[in-house]
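Below: one structure in structure tokens.
Order of writing sets the chain letters: A, B, C and D. Residues in each chain are counted from 1.
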Amino acid sequence: MNAKSTVEIVTEWDIVAARQLGRNEAKAIGFGAVDQARITTAISELARNIYLYARSGEVTIERISNEEKVGLRIIAADKGPGISNLKKVMEDGYSTSGGLGAGLPGVKRLMDTMDIQSHVGNGTTIVIEKWVK
Amino acid sequence: MNAKSTVEIVTEWDIVAARQLGRNEAKAIGFGAVDQARITTAISELARNIYLYARSGEVTIERISNEEKVGLRIIAADKGPGISNLKKVMEDGYSTSGGLGAGLPGVKRLMDTMDIQSHVGNGTTIVIEKWVK
Amino acid sequence: MKELQTQYQKILSDFLANQTERNLYIGQNFIRQLIQKKVAPEEVINIHKYAIEQIYPDLPEDISHSYDFLIEIMVHFGLTLKEHQSLLEQQEELRMEMNVATKIQNMILRTTVPMLNQIDIGMLSVPIRKMNGDYVHFLNNNNSVVSVAVTDVVGKGVPAALCMSMVKYGLDTLEYATKDPSYILEVLNRIIEKSVDDSMFVSMFYGTYNIKESKFTYGSAGHEPAIYYNARKNTFFDLESKGLLLGVMPEVTYPQYDIHLEDNDFIIMITDGVTDFRKQGELDPRDVIKNLALSCNHLSAQKMCEEMYTYLKNLPDFELEDDFTVVIFKK
Amino acid sequence: MKELQTQYQKILSDFLANQTERNLYIGQNFIRQLIQKKVAPEEVINIHKYAIEQIYPDLPEDISHSYDFLIEIMVHFGLTLKEHQSLLEQQEELRMEMNVATKIQNMILRTTVPMLNQIDIGMLSVPIRKMNGDYVHFLNNNNSVVSVAVTDVVGKGVPAALCMSMVKYGLDTLEYATKDPSYILEVLNRIIEKSVDDSMFVSMFYGTYNIKESKFTYGSAGHEPAIYYNARKNTFFDLESKGLLLGVMPEVTYPQYDIHLEDNDFIIMITDGVTDFRKQGELDPRDVIKNLALSCNHLSAQKMCEEMYTYLKNLPDFELEDDFTVVIFKK
């Protein structure tokens, strides 16, 4: 029974709504305080990107499970400009994060897995997952 | 009237004594909590180096002042092996700090100024200063 | 600092009063600013401690002291972060240095594709990093003989680029020598074996085309075999040659072979970066390339090169991990 | 993690109970271990929060929540630290790459100092970074003429090293040409102006010594003037020459001059890294070097070079900031 909820990202406060949803789900599944904070931060980064760079998009939060464990899958999808140089965007460095360590490499480190599908002019879909250990 | 006290570094607990002295002096002069912690950490690093690499040495803590402000000067002196490649030791990187950011570059960043005199076979003298802002 | 203190205290007390997600979001945004202003984590704990003491004047003294402990241990995190800033600056400097180095390297390895009537030549070489570890060297002497050396240094980055300079240097010195692939490979092998680091090796495919006789003579040193398409028989042939990588042992001989080219024949010379993808169903990479070449055979040699690159780059499996070089000779 | 939690709680409660410096020292040591285990700052706050809750079961709920706020904002510090670890690894890789590159570069630029009876030659070149931006090239043709080119690329690091490779190729190609400094500098200038990045320039001092006639002919392109000591007059002369840096403009002429060398005369050729220190009292750097050379004139040319380096390196003011090269011809 996979619970799944979507938040549309249009205004900056939709970012907060997506965070809230993520934190509630994370707490409900059994993530500890630190992981709740990390998942929420990851959602915040992805939603912020949608808000800043794509005209609109949505964040979907889905409970996932396999035989051994449970977890959360977050899908951030938009019809924005798309990422032209994926390799460059995933590189660490001043240019991508302003020394903050944030950006997509940062999101990848907060979660267990990250998958990016993006084409110029066709939008971006990012799927991140984290499992309760 | 420059107060000046010296702690001889022979055992690991002498490091603690040097820290204590440094913290007291820092507090007395008017350094805030964060700077007290930084000065103490710097003293700790220097004293640790003496304890680990030189047979013995001493840490001297001295109050300093000019027309505008007051501060602390710490002198860590030993008759150990000396530093052969000063440039390399002051470089950042995995080899010097094990990713901890500590080591001499770290000490330099905790304080306002640092001066090193060292010759192979003749020991090392490091002088660090910090002023109350 | 006082300003930051006041702001933080407001954000924190809002959070403690309402505990909404919005407060946390505002808090994180505030911290981002602090980090960019290079405020250290131990300073943040201190600001937090002071704010808590203001918000709860009856705070037990022990709790106050516990923050002092936290400040002390955060100093080490702060040190690591300061080292981080320093490394970022170093990284920027190095990045700029490598940019200039790449420009120079590109100039040193610049090569012009010969434009001839009797044979259509195309070339495309795309490096995987800034500096290209593949190198194509054309030689066109008085329009009677056109030669090409397709070289791949084993390794990437700066060392490979320097090694390549040595290869170009060797090829330049051999400019007026006889064009036999056997001889060229033998001499280059000796130069590289002697001059370069023991761990650097070079693969090379060397071909020389005699225009009057339409004869293509080739030899190879541990290089990805070239592909020859015979139009009349509508068949592909692999142009292999037994020959050791250049630079391994001092005395090595390299066999050479001839092909007679007829109209509509073509030869594809590549480096191993081109075949570096998984089987597409039943076809292994070289078959894919052969089919691909046939399908755009109506185009010029240069356009064929570009088509192949675009097609392969967009294959779902194809993660370009090596320098990509393709040279086509088309009669 | 449970293990870390228990240890931390013990250390923290010891501190709260006794509040000694020893507790803080133990705490900092513990944190160093955590950092090396790659524990993030937000995890440390969480551990601290849990420990505080255990030590003070009556902790007001608000204080508990205030730690949640702290955890949330520490996540960003944690992100920066993780990026740090990744950068450290990149830095390590790059460091190893540069080591290999340096080895190759050193092989490419390897030069042998000619050993002759009629003239004693010494050389010392110490790079300021891994890759040397100065280059000395000797040419000894059939022992009748000995030439030396002392080159300094404007710039450091990888780009300078690549540019130097170009210079070496140029010099090698001119190996069998006439040895006139004017001609050599003219040709090299054209090669470099054409081939290399607009922002890279090279200074060079080129000297050629005719053994039979004991005649030293020299020319210079924007290079630090050489020093000539005439034994009979016991006087020093500066060997200057008006000539533009190599690579600035395509058509440049370079004048050349002759000196007749007699027994015990010597010539010191240097790059600007050697004179890069402050005046010592009344003496400016070139005077210091002249005196220094005189004082060790009894040594061999090679030993003189080494003495000069050791002496200058230990000057209190001398912060070696550039590649250091000295070549000495001694009759």
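Everything below uses one rule, namely that a residue touches a chain if its C-beta (ideal position, glycine included) is under 8 Å from a C-beta of that chain, and two chains touch if they have at least 3 such contacts.
Labels paired with UniProt names: A, B = Serine/threonine-protein kinase rsbT; C, D = Phosphoserine phosphatase rsbU.
These numbers were taken from a predicted model, which means no experiment stands behind them.
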| item | value |
| --- | --- |
| Chain B reached from chain A - shortest hop count over touching chains | 2 |
| Shared chain contacts [chain B and chain C, defined touch] | D |
| Gap in Å, rounded to a whole number, between the CA centres of chain C and chain A | 30 |
| Averaged-CA centre spacing for the pair chain D and chain A, given as whole angstrom | 45 |
| Two or more partner chains touched - positions in chain A | 40-41, 93, 99-100, 102 |
| Numbers and ranges of chain C residues touching at least 2 other chains | 24, 28, 32, 35, 72, 75-76, 80-81, 83-84, 87-88, 90-91 |
| Graph class of chain-chain contacts, one of line, ring, star, complete, other | other |
| Chain pairs that touch, as defined at the top of this document | A-C, A-D, B-C, B-D, C-D |
| Interfacial residue positions of chain C with respect to chain D in the complex | 12, 15-16, 19, 23-24, 27-28, 30-32, 35, 41, 44-45, 48, 52, 56, 59-60, 62-63, 65-66, 69-70, 72-77, 80-81, 83-84, 87-88, 90-91, 94, 97-98, 100-101, 103-105, 107-108, 155, 157-159, 161-163, 165-166, 169, 172, 195-197, 199-200 |
| Complex interface listing, chain A residues touching chain D | 32-34, 37-38, 40-41, 92-93, 97, 99-102, 105-106, 109-110 |
| Of chain A, residues touching chain C in the complex | 13, 15-17, 19-20, 23, 40-41, 44, 93-94, 98-100, 102 |
| Chain C to chain B touching residues, read off their complex | 40, 42-43, 46, 49, 68, 71-72, 75-76, 78-84, 86-87, 90 |
| Touching residues on chain D, where the partner in the complex is chain B | 21-22, 24-25, 28, 32, 35-36, 84-85, 88, 91-92, 95 |
